[in-house]
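Order as written gives the chain letters A, B, C, D, E and F; numbering starts at 1 within each chain.
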Amino acid sequence: MRADGREKNQLREVKIETGYVMHPEGSVLITVGNTKVICNASIEDRVPPFLRNSGKGWITAEYSMLPRATESRNIRESSKGKISGRTMEIQRLIGRALRAVVDLDAIGERTIWIDCDVIQADGGTRTASITGAFVAMAIALGKLQDSKKISRFPLKSYLAATSVGIIEEHGSVLDLNYIEDSKALVDMNIIMTGEGEFVELQGTGEEATFTMNQLHEMLELGQEGIQELFEMQKNALGEIAQRIQ
Amino acid sequence: MRADGREKNQLREVKIETGYVMHPEGSVLITVGNTKVICNASIEDRVPPFLRNSGKGWITAEYSMLPRATESRNIRESSKGKISGRTMEIQRLIGRALRAVVDLDAIGERTIWIDCDVIQADGGTRTASITGAFVAMAIALGKLQDSKKISRFPLKSYLAATSVGIIEEHGSVLDLNYIEDSKALVDMNIIMTGEGEFVELQGTGEEATFTMNQLHEMLELGQEGIQELFEMQKNALGEIAQRIQ
Amino acid sequence: MRADGREKNQLREVKIETGYVMHPEGSVLITVGNTKVICNASIEDRVPPFLRNSGKGWITAEYSMLPRATESRNIRESSKGKISGRTMEIQRLIGRALRAVVDLDAIGERTIWIDCDVIQADGGTRTASITGAFVAMAIALGKLQDSKKISRFPLKSYLAATSVGIIEEHGSVLDLNYIEDSKALVDMNIIMTGEGEFVELQGTGEEATFTMNQLHEMLELGQEGIQELFEMQKNALGEIAQRIQ
Amino acid sequence: MRADGREKNQLREVKIETGYVMHPEGSVLITVGNTKVICNASIEDRVPPFLRNSGKGWITAEYSMLPRATESRNIRESSKGKISGRTMEIQRLIGRALRAVVDLDAIGERTIWIDCDVIQADGGTRTASITGAFVAMAIALGKLQDSKKISRFPLKSYLAATSVGIIEEHGSVLDLNYIEDSKALVDMNIIMTGEGEFVELQGTGEEATFTMNQLHEMLELGQEGIQELFEMQKNALGEIAQRIQ
Amino acid sequence: MRADGREKNQLREVKIETGYVMHPEGSVLITVGNTKVICNASIEDRVPPFLRNSGKGWITAEYSMLPRATESRNIRESSKGKISGRTMEIQRLIGRALRAVVDLDAIGERTIWIDCDVIQADGGTRTASITGAFVAMAIALGKLQDSKKISRFPLKSYLAATSVGIIEEHGSVLDLNYIEDSKALVDMNIIMTGEGEFVELQGTGEEATFTMNQLHEMLELGQEGIQELFEMQKNALGEIAQRIQ
Amino acid sequence: MRADGREKNQLREVKIETGYVMHPEGSVLITVGNTKVICNASIEDRVPPFLRNSGKGWITAEYSMLPRATESRNIRESSKGKISGRTMEIQRLIGRALRAVVDLDAIGERTIWIDCDVIQADGGTRTASITGAFVAMAIALGKLQDSKKISRFPLKSYLAATSVGIIEEHGSVLDLNYIEDSKALVDMNIIMTGEGEFVELQGTGEEATFTMNQLHEMLELGQEGIQELFEMQKNALGEIAQRIQ
């Protein structure tokens, strides 16, 4: 049993609250254990220069943490005047993952801006961001379709993410919290579609390396966890869930 | 009667929720109508260079808005790589106001970091920030005293803020929401202590100017409104309220 | 009597020298005691994006100090690569104040750039900047009218500014120099029109707070001082003074 | 057969030239097909603040491309004044990978700076950088040991990297050049140790997703390719190869 | 005869006004025709890191133009957030030139900050800056010696600068104003010591090239002009002039 | 005889290798002793705003050093987020010099981007850059003419550069390496055309000054050295050499 009483293959408690903030087209507060992320989806009727006159849309993500989302206070990136490498990696990852399940032709020349703002952090903020952002985006696209601006619903599949890792005393475990993450030998983020295919796989062993067998163990835990997340997304989406092919 | 049904001298509905985020020493979600601000107070055992070895503490504030706190999405200041003049003005104002009611000798060589993050904006974000930040700071200072790190409670007085303004169809009104604010002829922010003295007064007439009589009308409305805010701060603070001299 | 021999309600010696620099459309050196500011007004035949095709003009101000305008040398903001919060606040204030007395429709799609460069500082640089910038702007607008590019003179009123404050040993005083300013309990900047109405009021008590009575005392001192400044502006403007309605 | 005549499991021609530039402690020009990267290793007798007085060393990497390393000219990141997200991701990856095979205690309080400068790009620049940087670092560490500044050789294992991917007409292929990379459905970077364990695995399907079977095919191709790279590293290292445990 | 009535070998009217601004240790307003530069010298009791504990001093210069020093308004470098290549070149040149005539050992571990702020520009701002800055620096060093902080006067020689150039209709000419400078085929800045030796020579022919004979003609004109500048510096310096060896 | 065995008037060994990198229109590796610079010329079918619709082209240069081109590692300018004054000076010099021998009308509305990247530095990097960049540019222009995009060959003359200086033990010497440069009393860069005229002359005596006689000695050495460089450029250019008028 893990420090917080979970089994190896057990997710933390997950809540997905929709309509959290009033202005965005889609707004979600996702809670995964003590990790809380506001995921807002905004629709802009413009695309970046490389897509102008292509008829295609775009999805881009930004990620940030409140300074005191963590145990000790971090300096704001706006005060530092630049975005850290870690932030850039995460926001590129979120955008790339979401684009994998969207039919960009079907949204027309529009940009979906995804803002993931972590208000409380306890590990797994990037995977919680992806899982929550999918729901916010689906809601925003639902409104777009309701307003007749697009005809076809552009989501090709569900999308969710979780982390797995190897910890000295427990071996492979699912959904690491901050304390587990900081002592993990190997850390892997898995992003999958509702069809059970991989969208992205990022496994890193800074303090250690991992074998093919360990890779399999981790992938299996991840797949199970992601199946549960799909159920929660469906519940949160209500009627819109039925539009996803 | 105003567009949202309020009287000229009526505040919007105010809620002050404490313990909103888990890590900070003091954490508050303040809601003023549709304006929502997370106010976190963090205590750091260091002071800026100009105060080292002075035995005195410092209070400094940062203010930010989530990109989609507003009707249309704003570019993040971290992406722009610099903080706007408006943000700077607001965070300097918040810090200055809070310092006016704190005995900086009594907190020792510590910095209280105040982070005001607007998650939903509908006018009056700077005054809501000050009113909420006071409560977050009081809670953080209460914990500091409970832990015996300081002996004397360092708050000399209550502190709250509101806005008043002049609107063509209604004359002077209290606590402007975004629509009122954007058509106001004159806009004034008032910050007062529990003793009814002014800490800061900022009145601006970009589209218009104002007379001495109008100034008086506005000051009166502001004083009334701030009295009500003190009551809500007291309720939110519970036991700590009694430590304020 | 104050340290420099002045009465409580006495301005420092003020000089407004026009035509100071050759290139700008309006150029003034204003001297207030030992504070000296070059105020240049430049006319550009373009407006910022938000005013294009509106038929309206714009006024924007920039403020800077030479590194050795002060007792000890300051690092240039161009070397630091960013503008301080204080500079931003001041330049926003100057621009806002000037816009209050200009009929922006009457200047057409033009921008008036106001540059206030402090070459010697002894307190009150922002209020001296506003008082001098008004004159530089009036001269520039006079030339614009002389050249038949505009028909109506766009200034609706005079505009001048001064500071007042509360000092322990003297109570309320007018036009604080640097030494008085640095020990003032309360500091207030007052900007008024020729009609005696307020354009902006900024009162701050960092070390102290102030009562309604003290506010009145300060406002009265400020009003008197500003009346004297209007006379000096009129003298400096000569023929152009008659065009102001 | 692929467009350039290679088999699915065939690397491009690889050359590792040591002593390429005279000043660095280790300097390598690695050529993988038309991709050419200068990999320099510099030893500095200091560590970042978080490691001071820890007795441990650090390895950090920087990556850059000459503006005309690519088909069309890119703007320099020094001219833009900031480093792109892609560059940050790559240099974090290189540093993390190298640290996985170095005994940081054995290098003492020193930093190994790895500079990977791409002078000609044709796909696979990040994996070529890692493979070349390993050799440059091994040479630098060899000199450090020869000079008696360290006793134990700090490399725990070999380290090399390659890319694999899925292309519509060929399925899984090894070591993608630029044209293959730009039309790949899935792209995966694999970094392994001489013991055949994974250090990092990054698989991305922006245009497509991938199944467990496809993952296995790609991993197998990658493992084969990396074995060949280890042989070339050994040849390039000469005597130093024997010091690696 | 030139457009402004001067002979080929004639300087514009030069004035050197000392004590222009009150705070700096040395302050000069130099006027060369319509070019006006405030040159301030500030003494700081610190040296840059590379000189600490060397017993030697340093001289560094900064150069800037007011936005409306020129015919059309320039954007401030502080607003752009970076210093242009032209400004960097000029301030490096001023610092280097001044250091050539100062005995850095004799000033002890102090930095002389030279600020050259152009308030009105009509060509030759960099050479006017050097000529004026020399006087400001000499005054500041005179005060330093008067206060007994240094024993020996640290100036080894006079230093002045002027420009020469080749213009189509006049051939070689001395001290180009802005209109001459903008149509010059060749432009050369000459900096010399009181002993008639060169400190710096920068000749550029962007639109044309120049022969050895033309070089000689220009050098002769420059030498003559600089002799006259030395006389004006001597007059401006008064008693301090005698301390220069 | 100098430390490296050269006579006073002897260049270091020079090699000019063309076609060094595959993508640029012109690519050269120039080696001058131990100094090695990659000079790439790229042609872009656009000009900067100030030349649009003028029918004229432009030439602009960028200069950089790999971090470990020098004895000790330098921080990348992209990491610092800004370009140093030294880099700016050098790239402005390279661009200006090349423009002096190009008929900008003959290249049409195109920009020639010159990238000089120093991979190994031992003094004289800016003059080596100019000498090498001339060859890269000539090759790029040759291709442009071969492709019939321009009719006339736009090079009006050869262009090469070298350094001369005064060293205590040897007097005037040609082509200083790093050690000589760092102890030189006077340092001068000379850029000349194939016709023997000066394009730019930059002589600096930071630690010393120089007389007219010394200037002549240095100019003579420089002229001789540059004649030799023209021969090497001709050899490197092959057939294209004949197109230069």
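Here is the rule we go by: a contact is a pair of C-beta atoms (placed from the backbone, for glycine too) under 8 Å apart; a residue touches a chain by one contact, two chains touch by 3 or more.
Here the structure is a predicted model, which is why all the values come from computation and not from measurement.
**Student:** Could you name all chains that are in contact with subunit A and with subunit F at the same time?
**Tutor:** Correct list: D.
**Student:** As a quick test, compute the distance in whole Å between the mean CA positions of subunit C and subunit E.
**Tutor:** 33
**Student:** For subunit D and subunit E, what's the span in angstrom between their mean Cα positions?
**Tutor:** 52
**Student:** Could you tell me the distance, in whole angstrom, between the mean C-alpha positions of subunit A and subunit E?
**Tutor:** From the centre of subunit A to the centre of subunit E is 60 Å.
**Student:** What are the residue numbers in subunit C that touch two or more other chains?
**Tutor:** In subunit C, 81-82 touch at least two other chains.
**Student:** Round the ring starting with subunit D, subunit F following: which chains, in what order?
**Tutor:** With subunit D as the starting chain and subunit F following, the sequence is D, F, E, C, B, A.
**Student:** Contact residues on subunit F for subunit E in the complex?
**Tutor:** Going through subunit F, the ones touching subunit E are 82, 85-86, 88-89, 91-92, 96, 99-100, 188, 193, 195-212, 215, 219.
**Student:** For the complex, give me every residue of subunit B touching subunit A.
**Tutor:** That would be residues 21-24, 27, 34, 36, 38, 40, 42, 44, 62, 64, 66-71, 73, 76-83, 87, 113, 115, 117, 119-120 of subunit B.
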